[in-house]
Structures are given as structure tokens and as C-alpha cells.
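What follows is chain A paired twice: with chain B in the first complex and chain C in the second.
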Partner chain A sequence: MATTAVTSAGIASEAPRSDFGRVLAQRERRFAAALLAPAFLALMATTTFPLLFLVYTSTFRMDLAMPFTNGFVGFENYQVLLSDERFWTSLLVSLVYTGSTVALQVVIGLALALLVMDMKRGQGWFRVIAILPVVLSPAVVGMIWRTFMLAPEFGIVDFLAINAGLGSKNWLGDPTLAMVSVIAIHTWQWTPFAFMVLLASLASLPEDIYEAARLDRASAWQRFRRITLPLLRPAIVMVIIMRTMVALTAFAAIFTVTAGGPGTATEILNLYAYRKSFTELSIGYGSALAVALLIVTIVISGILFAMRRAK
Partner chain B sequence: MTAKRLRVFALLAISMVFLLAWAFPIIWSVLNSLKTDSDVLAYPPKLVFAPTLDAYRDVLFGSGSILPNLLSSAIISVGTTIVTMLMAVPAAYALARLRFRGKKFAGFYVLATQMLPPVGIIIPYFLVLRNIGWIDTYQGIILIYLSFSLPFAIWLLVSYFEDIPFEMEEAAYLDGASRLKTLWRIIIPQVRGGIAVTVVFVFLNAWNEFLFAVVLSGNTVRPVTVAMFNFVSVEQTLWAKLAAVSVLAMLPVVVLGVVAQKHIVKGLTVGAVKGGGRR
Partner chain C sequence: MSGQGQVSFRNIVKMHGEFAALKGVNFDIKPGEFFALLGPSGSGKSTTLRILAGLDAPTAGRVLIDDKDVTSTDARDRDIAMVFQSYALYPHMTVAENIAFPLEMAKLPKAEIAPAVRDAARKVKIDHLLDRKPGQLSGGQQQRCALARAIVRKARLFLLDEPLSNLDAKLRLETRAELKKLQRSLGVTAVYVTHDQEEAMTLADRMAVFMSGEIQQVGTPAEVFARPNSIDIAGFIGNPPMNLIPARYVDGDVIVAGHRLKTTSTAAGERDVVVGLRPGALRMTEGGLGARVDLIEDLGDTAVFDLDCAGTMIRMRVSDGNIPGEGDTISISARPQDIHLFDPATRMRL
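Right, the complex of A and B next:
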């Protein structure tokens, strides 16, 4: 896709040879700088500066509850972090949460896109209904699930569980079930995203390859395995990358449902950094946790982008 | 023939299950918002009941009304949208159409800022805003919201700017129009549709935001996503009212989402599609 930008720049650039051309090019640069300046100043102020400030605060003890202990501590916060069991647990919870939600979204989303693609009527229903969860605030989604869906007995999920003979469960009170619940909620909200993107790219696949495959008597499975999947690969990888980044930074949907509990059963790294900073008011150590989160995000996105480039 | 009919039937059943699964939690919230508390808590759950608008009357006009919070959400979202668009439209135009050194880097920078985890930067925001007395103010929250709305809006707009033919600008320059005049008179009208879609998405994201709001808001500025918590306390949950507030919080984004339906995939995948090769 970078090619579009390259070609459009190419059209514009009849390399300035004359003085007149050079003056024009200089004017264009100045005009560009003037247009970019407000947005870039705002972006630097709201992203780059806070990032540097975060790294700086992570080298301090900064306890809002006990300000008299504050001071520069160098890398002490990071040393504490490496031997902090709660940190490693939260990292593991983050990875389980991200891995399972992304896998579920892609598998269900793809299966459903393939199914709907073959439908002659009713595709419109899917397109409209699929939008609903995606546009909602994760905070509101979390609240709805926590109450009307997962509450014991009158919550619909529990009602269904009782009628299925499983009995009433403590969906958010039991550590394992709480994890299953937050994963299910995230999957519920974001599978439509994978579904819509994959449906759109399925619809753009060339029809004639399938005709040829049918003439060659390729089975439905062969057509999927040999044609659809390779052609869809870029879209699938894109969905995986985007959903992974979002799942890694998810906050509201867990915060509203379990707040990381029971205990630390659903405490992803995000929530740990938040709780440490704003509940336990230990800002310096919270900053170190946030830096760790940043590093994890960079490492994982690095892996994913390498995967995208690899054939 | 029967095997085929069975297959069609199975597919229909599966699709109905999924449609229902996605729609149900929302429908159920709407139904619950029209019940009394005891109807909400009834077991087995009631599908048929005497609907009442009491919950809406209470949350809107009763004590602890959420009208100020809806207003807060509206001011934050509209403010963020206006400031974002004023900055993003010129920047996107420059990135899409002009030649200058460091253009590639500028594009990459915008994308990279989008990947910053919000939890990572909320701590500095809190410390700085507290120092300058901007906690619990509209200017504070709107400024911080630029961190996610700007990169998104710039990239979405770039994709629309790139679709306009170059001949239009060239013709205007030949007529002696200045660059700014050309941008304002010729280019902007061409991307009106793209600007409208971007406005929808920026508004939607600002309306839905939660983490920054929960840390940076207070008694004066408190959007509805945060105020919702007033209805679930440790002592008791106000079920019907909570349902009514949820529905009110969902209403604007659902309407906008359905209106912008055709553009939603593009809006959701922006950056990944356009900037994919550059990252």
C-alpha cells in the first residue's frame, strides 16, 4: 500500500531543475511545514513528551501516600520489578488474554465470513448487527455483561447455564470463570471487527480463480486451503496485528467487569500498572510497570511485523 | 436434495445464533431499562412485562441526574472533534500531497504514536495536569484526547486526500490561485465525504473513552462512561437505572455507527491498510 504514496509523490515531482522550480519547491516545503506544525506540536506534547517523562519518573520513588520517602532511586524500581511475582503473573495473564481473544476472534470471524459470503439473502442483517458491538464503549459493554448477562440467576448467561443443567455459577467470583468471562466479553465485542474486515476482503477476491478450481473439480476444502486462505493471508495477518495491539492495551472492559479480581486472577499488566499508580499511589513503581508494558508491546509488535513480512 | 436443504437449514440456524448473540445484550439492556427493579430481578427473566419509562425519568430528572454527565460527554466529544479536525485536515493534506524532506518519517511518527499504550502515558498526564491545575477541566481532557484522535484522523484523512486527482490542483495553480486558496476552495470540497466520516469516528472514540476520563475527570467534568459507576455501588445496584444510563450512553454511537455503516471497515482498519508497508 506504500506504493500509492510513492507513485503519487512521483507524479508531483518533476525534479526542480530551474531556479523557478527551486523556488516553487522551497515554497512547497514551507507550506507543508506550516500545515503540519499544529498537529505535530500537539502530538509531541501529548505522546513523545509524556513518554520521556514516564521513563524519567520510573527512576524515582514517588509515593503519593508517603511523599517524605520520595527521591531518585535509579534503576531500583526495575530491580524490584524483575523479582515481583505479581508482575510476572500479570504478564502471563496479559499473554493468555491477548492470545486467546485474538485466536477466537480470527477463527470465529473467518468461519462466519465464509458462511455469510455464501448467503444469497440476509447479508445486510449481518453487516448492520455486526456494527453494534464494535461501536460501543468497552466500559458500557463491560457494565452490561457484569450485570444483566453474568449476574447470578437472573443474568441471562447464568439462567441459560441453570437450564442447561450446569447449575448457577459464580461467573465473576471464581478465578478461572472470571478469566473465561473477560475473554468471552472481549471476543463478543470484537469478533464482528474480524468478521467485517475478512468479509470485505473475501468479497474482493477474484471470482475466476474459483471457477477454474471448480472446473478442475477441487473440493470445497481444497478451494479453501489452496485459494482462499493464501489470498486472505494479508487480511488475516492485519487483523491479528490490530487486534493484538488492542487486546494488549485493553483496560475498560476488564476494569468495569472484575477490576482485575478476584484477587489478581484477571489482572493484566495494564491493570496492574494502573492499580499500582492510582489505587496504591505508588507512581514511580507504576511508571516502571508502564515502561515494561511498553517494551512488551514493542517486542510483540516487532514479532508480528516480522511475521507479516515473512512469506 | 434433502442433504442440501439440511445444509441450508443448518447454516441458517448458525447465523441466527450469531446474530442473536451480538444483538441480545443490547436488546436486553433496552428491555431492562423499561422495567421496574423487581421485574429486572425476576427469575426466570421476564420477556413480557408492563413497560415503564420511570427509570429514564429518574436518571434524567431525579436526584443524581446524569444530564450533566451526558452534557460533559457531549462537550468533550464535540470539543475533541473540532480541535482534532482543525489540526488533522491540514496535516493530512501535507502528508498526502506535498513534497518535503522527512515526509516518510513524519508519516511513520504519526503511526508510531498510535501504538503507545494508554496506560503507559496516563501517569505523566496525571502528574503534569495536576501541576498546572488542569485536572477536572475540559481543556485538560480534550488536550489529552488529541493523543489518540489526531493520529487516527490524520491517517484516515490521508487515505481520502490521496484519492483526489492531481489535475484539479494543477489547474487551480495555473489560474494563479495561492496554495492556501487552492486547498480551501478546491481540495477541501472534494474530500467533504472523507471529512464527515472522520468526524463520526473521532466523535465516537472520544465519546467511548474511559481510562483517561476516569483518571482525569472529577466533579465538574465527568463523562457518562465514568458516571455510570454511580449506579453500581457495593451496597446496592440500581438495576433499571443502570440499564437506562447504558442505553443513553449507547444511543449516540449506535446511531452514528449505523449511519456510517458503509465506511466502518475503512475507519476500523485505517493505518494498517494505508501505512502497512511503512511500519
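Right, the complex of A and C next:
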């Protein structure tokens, strides 16, 4: 009798408790949603909506110079785009620009990280100095390079070139040199990011496996090839993915240094879309170019992410 | 074996700033010997091993391997294999790749590597795990993988840095026995660092006992157990450790808690000494030193008593089943050859 009483009392108290738990969980969820909402709405308003509007705009003919021709054209902008030679050139420039700068960032960043890891003193200072370019605005970086570094005769780079016996070069006027210059500028600004990530990764590698490798008679190069590089692989791939996405959509630095010139030598896809939209005022076609850039970025990121998962 | 595996340390000093980790260490290891470096944490035994491996450089002194001075030779040129306390397996490689690594570095042909890897894995019974990564192995399996990586190369010296300390008690006992068999079958010189005196006693052919940066005694486990050189070693070796009792020496006898015990010493005169008595060397006899039984720890085949001899705590181990009750008063004594005498000032054996 006593047992039944206890049991039934137990059940009686059990039911409301689980009910209470459900109510609590629901309240928790509602509170979480309320916390999330402002950020979510702001993101929707500032990223998702403009993106969708961009796709929508790209299906229109929207020429501010010739408003009388405006109207819905479906995929016509994309058909034009596929046979537009300047689009393909700018895509190629984008890929060359991105490929070279990301490769340089990873190689130089890794080399610096390995160098700094071996520094007994001054690591902290090195980190602080190294991070400076990253905190500058790309537009400011562009201005600094155009005036202080690359200006003929007076710029530091040109001064060094003259003293090295190479003679004064038209760093931003020659198509090839201009491309090299904008790649160098982007690399200069963003290598510290790769450096910081890879340095942190390097510092987290256990010391004892390097001692084991030394006793296993691995040379310094073999230790790097067989141990450091494979263990850094996740960090390197992550740096490549992040830097590729940014480099593909770079704008401000190139815009302030060459504005895509000379001619279209440094006109990456992003700049072409900008020029079409805001210089030539073909908003519809510019939007189609921007969507194309979006697709290229997504495809390349997808490939990189797939490669990351592969091993 | 590619070498003989003879090791000599000559006056090795290691300073960490002002702190002397090693204060002039000397010892010799014979080829094929299982040599243990035993001592409490911070006594310098691991530092000694790292200097022998070439991972750290000594501040002063010379290291000789097979009569060749290797003091300034890099670790990779010393032909030494080592098992780390943390195992130090390459996390991104499979067990097979881990074991193959030293052979690949030695530029062995691929056709020879595969059978050598299988052979080494079989010796430590992990040949069914070759495709796993270290992260997928248990602690014991990782330890075996580290062992296999060390033995695959047939180096002239085999160093082990507390290899059993991360295993659970049962596995530790099993692996200990296997380790000894493995070393015997390979015939390789092994240097083994441990803070566990039982491990050193059971494994080593000879051992060096470290105390605060110095070697206090080198000898076979039996020698060190039978004739500890100092109070510190006497208190460190043996389980339970030796009873160390301040006493007075008078013409060949010692007076412990008011009772006279005969020693083997024949020197005349009087002085203060520390008397060392192994718990297992004490006997219950008539007319000995009176002692009250405070506590009995019965371990089944043996029992350890905490005895109170007029205020002096003495531990005694009995294995003949003749166990008194707690609170009883018994009478104990020791044979003269079982009484160790130490100098309380120098802490050394008299």
C-alpha cells in the first residue's frame, strides 16, 4: 500500500516536471530567437536582399544613359556576357591576380612563420609590426603605394630600382608591371594574415615529434616536408580558402592604384562590373557581371572546400 | 646491431641558468646491458637521457658512445632509437607509416621496408593495427607503436623515457615483462628512465640512482637494495622503504629506543648514527626490542605492521602468517648483518 502511494506520488510529480521542462525549453528557444533576430534581420537586409535584388536587376536592361530602352530582358544580359571578350579578359585577370597573390601570401607567410618560430626574442614585436598592414584600409594602402612606393623617381621602389641599375620603370603605366604591382600590393597587405594563422598553427605543433624525427634521422628539410607541412595542411587550406574569396572580390586597392588600367591590364572582374555599372551606367549588364563573379567565387570556394574534405 | 652500444658519461654538467640540473655525472654502460636511471622527479635522470640522445647539449663534460666522443654530434647522427614518455607518434601517419619512417629516412629500399615494418609490429603484437592512425589507438597500443618504431631500425642504443608511466597498473606489469624479453631477444643496449623503483629493480641489469642532480650509487638492483650508499637511497628503494632511526653507536652496538642491537661493526668508540632496518629483515623474537602494534596492513601473503617502539615509528613486514592483534606488544630484533649504519651528517653509509 505504502509502495503504491509512493509510486503514484512519484508519477504525479513526474508529469508536471517534464511539462515544466518543455515550457522551459520553449521559453529558452523563444529567448534565443529574440536574441538572434536583430542580427539576422540586419544580415538579411544588408546581404541577402541586395544579393537577390542584384540577381533580379541582372534580368533587366537598365541603362541610365538610355532610359527609354529599359525593360525586362530575361537572360539576354548573360548571352551578351558570354560573347563579351572584355568579360573573359577580366575573368582571366581576376584568376591570375587571385592565384598569384594567394600563392605568394601562403609561401611568404609560411616562410615568415617558420622564421619567427625560431626567434628566441622579439617575437611579440614582430607580430605587432607584421599585423600593421592588415589594419590599414585597402584604399589607404593603395594610395600609399601609388604615391610613396611606386611614383616614378620619387617612390621608394623606383628609387631602389634606379640604384640597382634597373633604371626608372613606369610601375603603373606598363601593363605587365602594373599587374605585378597590384599583385605585390595585395600580397604586402594580406601576407601578415597568413603569417599569423600559420604561426599560431606552428606553435601548437607538439615539440616531441620533432625530437622523435631527429632521432629517426630526418633532416631539417625532411622534417618540414614529412611532418610540418602535413600537420599544417588544414591551416594552409583554410588560409587559401579565406584569402581566395577575398582576392576574387578585391576592389579598393586596385581601384585607387590603377583603376583597372592601363587600359584593361589590371581590370579584374569586380572592377569591370563596377565600371560597367557606374561609369558606363549599364546597371543591368553590370549586375549580370557581378552575378557571374558571385558564381565564379562560389564554384572556386566549393572546389577548395571539397579539396579540404578530400583528406 | 650497427654498433656495440657502450656508453660513458664523463663529468657531465647541465646548467639551466643558475640551477644545476646535473652536477657532474659519471657512469659507464656495458654493451647489451639493460641500464636504468632511477630517481625521484627533478633528480636529473631525464636530462641525462636527453643529453645521451643528443636532444640537449651538456654545459660541460663529455659523452662517449663506443669510445667515440659524440658530445657535439647531432641527435640524428648518433644512431640512437628512443621511446618517449608521450610516445611522440606522428599523428598524421598510420601505424605502418610511423614504423616505416626511420627506415625511409635511412633510405632503405621500399621492398625491404614493408617486411621490416611487419616484423617489428609482430614483435610488439600490433600487426593487426597497421592501417590505423595513432588517434584511433588505445594508450597501450600507442606505446607498442612507439616501441615498434624504435626497434625497427636496429639502432645501437635503445632509450626509454618512462615508457610505462601512462599505462594502467595491469598493462604496466604485462608490458614490463615483455619489454625485458624484447630487450634480451634483440640483444641491444637499453637505457631506461624511471621514477618507479620497482620497475628499475625488476628490469635493470644495473642501475644508477639519481638524487638532486647527482648519481649516488651505481650497481645491480640486488647490490643497491642490499647495501644502499646513502640515507636518501635507503629511503627511496624498497617497499615499504627502510626504517631510518637516529641512534647511538657504542663499541659495535647500536642503542635503538633504549635497546642494544649488535652490528657487524667492530670499531670502538661512541657516536651518533642513523640505523637502517629493512621492514622485511625484522624478526619477532623473545627478549628483543619491545614494540606496540599500532596498525596492521594485511596484504594476504604478507602483512605490514606499524610499530611504536617507545615513541619511534618502525615498520615491519611479516610473511609467515604469525600475525598479532592491533594494540598487542611484541618483541623484535634484527640480525647484525641486516643493520645498516649511516652518518647523520654526511648522510652516507658508514
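Keep in mind that, in the parts below, the second predicted complex is superposed on the first by the 294 of 311 C-alpha atoms of A that agree within 3 Å, B and C clash if a C-alpha of one lies under 4 Å from a C-alpha of the other, contacts with A are read in each partner's own complex, and residues count from 1 in each chain.
Here, contacts are C-beta pairs under 8 Å (C-beta built on N, C-alpha and C of every residue); 3 or more make two chains touch, one makes a residue touch a chain.
Small disclaimer: the values here were computed from a predicted structure and weren't measured.
Student: Tell me which partner touches more residues of chain A in the superposed arrangement, chain B or chain C.
Tutor: The partner that reaches more residues of chain A in the superposed model: B.
Student: For A:F40 in the superposed arrangement: first (chain B), second (chain C), both or neither?
Tutor: So A:F40 only meets chain B here.
Student: A:L231 in the overlay: touching chain B, chain C, both, or neither? Say first, second, both or neither.
Tutor: second
Student: After the superposition on A, what does A:G109 contact: first (chain B), second (chain C), both or neither?
Tutor: In the superposition, A:G109 touches no partner, neither chain B nor chain C.
Student: So in the superposed three-chain picture, is A:M245 touching just chain B, just chain C, both, or none of them (first/second/both/neither)?
Tutor: first
Student: Mind working out whether A:A212 is in touch with chain B, chain C, both or neither, as first, second, both or neither?
Tutor: second
Student: Classify the contacts of A:Q222 with the two partner chains as first (chain B alone), second (chain C alone), both, or neither.
Tutor: In the superposition, A:Q222 touches chain C alone.
Student: Which partner chains sit in contact with A:I283 here, chain B, chain C, both or neither? Use first/second/both/neither.
Tutor: first
Student: Given the complex with chain C, which residues does chain A contribute to the contact?
Tutor: 206, 208-209, 211-219, 222, 226-227, 230-231
Student: Along chain B, where are the residues that touch chain A in the complex?
Tutor: Where chain B meets chain A, its residues are 11, 14-15, 18-19, 21-26, 28-29, 32, 40-45, 86-88, 90-91, 93-101, 103, 106-107, 109-110, 113, 115-128, 143-144, 146-147, 150-151, 154, 162, 166, 179-180, 204, 207-211, 214-215, 225-226, 228-229, 232, 237, 239, 242-243, 246, 249-250, 253-254, 256-258, 261, 264-265, 268-269, 272-279.
Student: For the complex, give me every residue of chain C touching chain A.
Tutor: By the definition above, chain C touches chain A via 53-55, 74-78, 80-82, 84, 86, 88-92, 101-102, 105-106, 149, 153.
Student: If you look only at chain A, which of its residues touch chain B in the complex?
Tutor: 1-5, 8-9, 11-13, 25, 27-29, 31-36, 38-40, 42-43, 45-51, 53-54, 57, 112, 115-116, 118-119, 122, 125-141, 143-149, 153-154, 156, 159, 188, 192-193, 196-197, 200, 238, 241-242, 245, 248-249, 251-252, 255-256, 270, 273-274, 277-278, 283, 286-287, 290-291, 293-294, 297, 301, 305, 308
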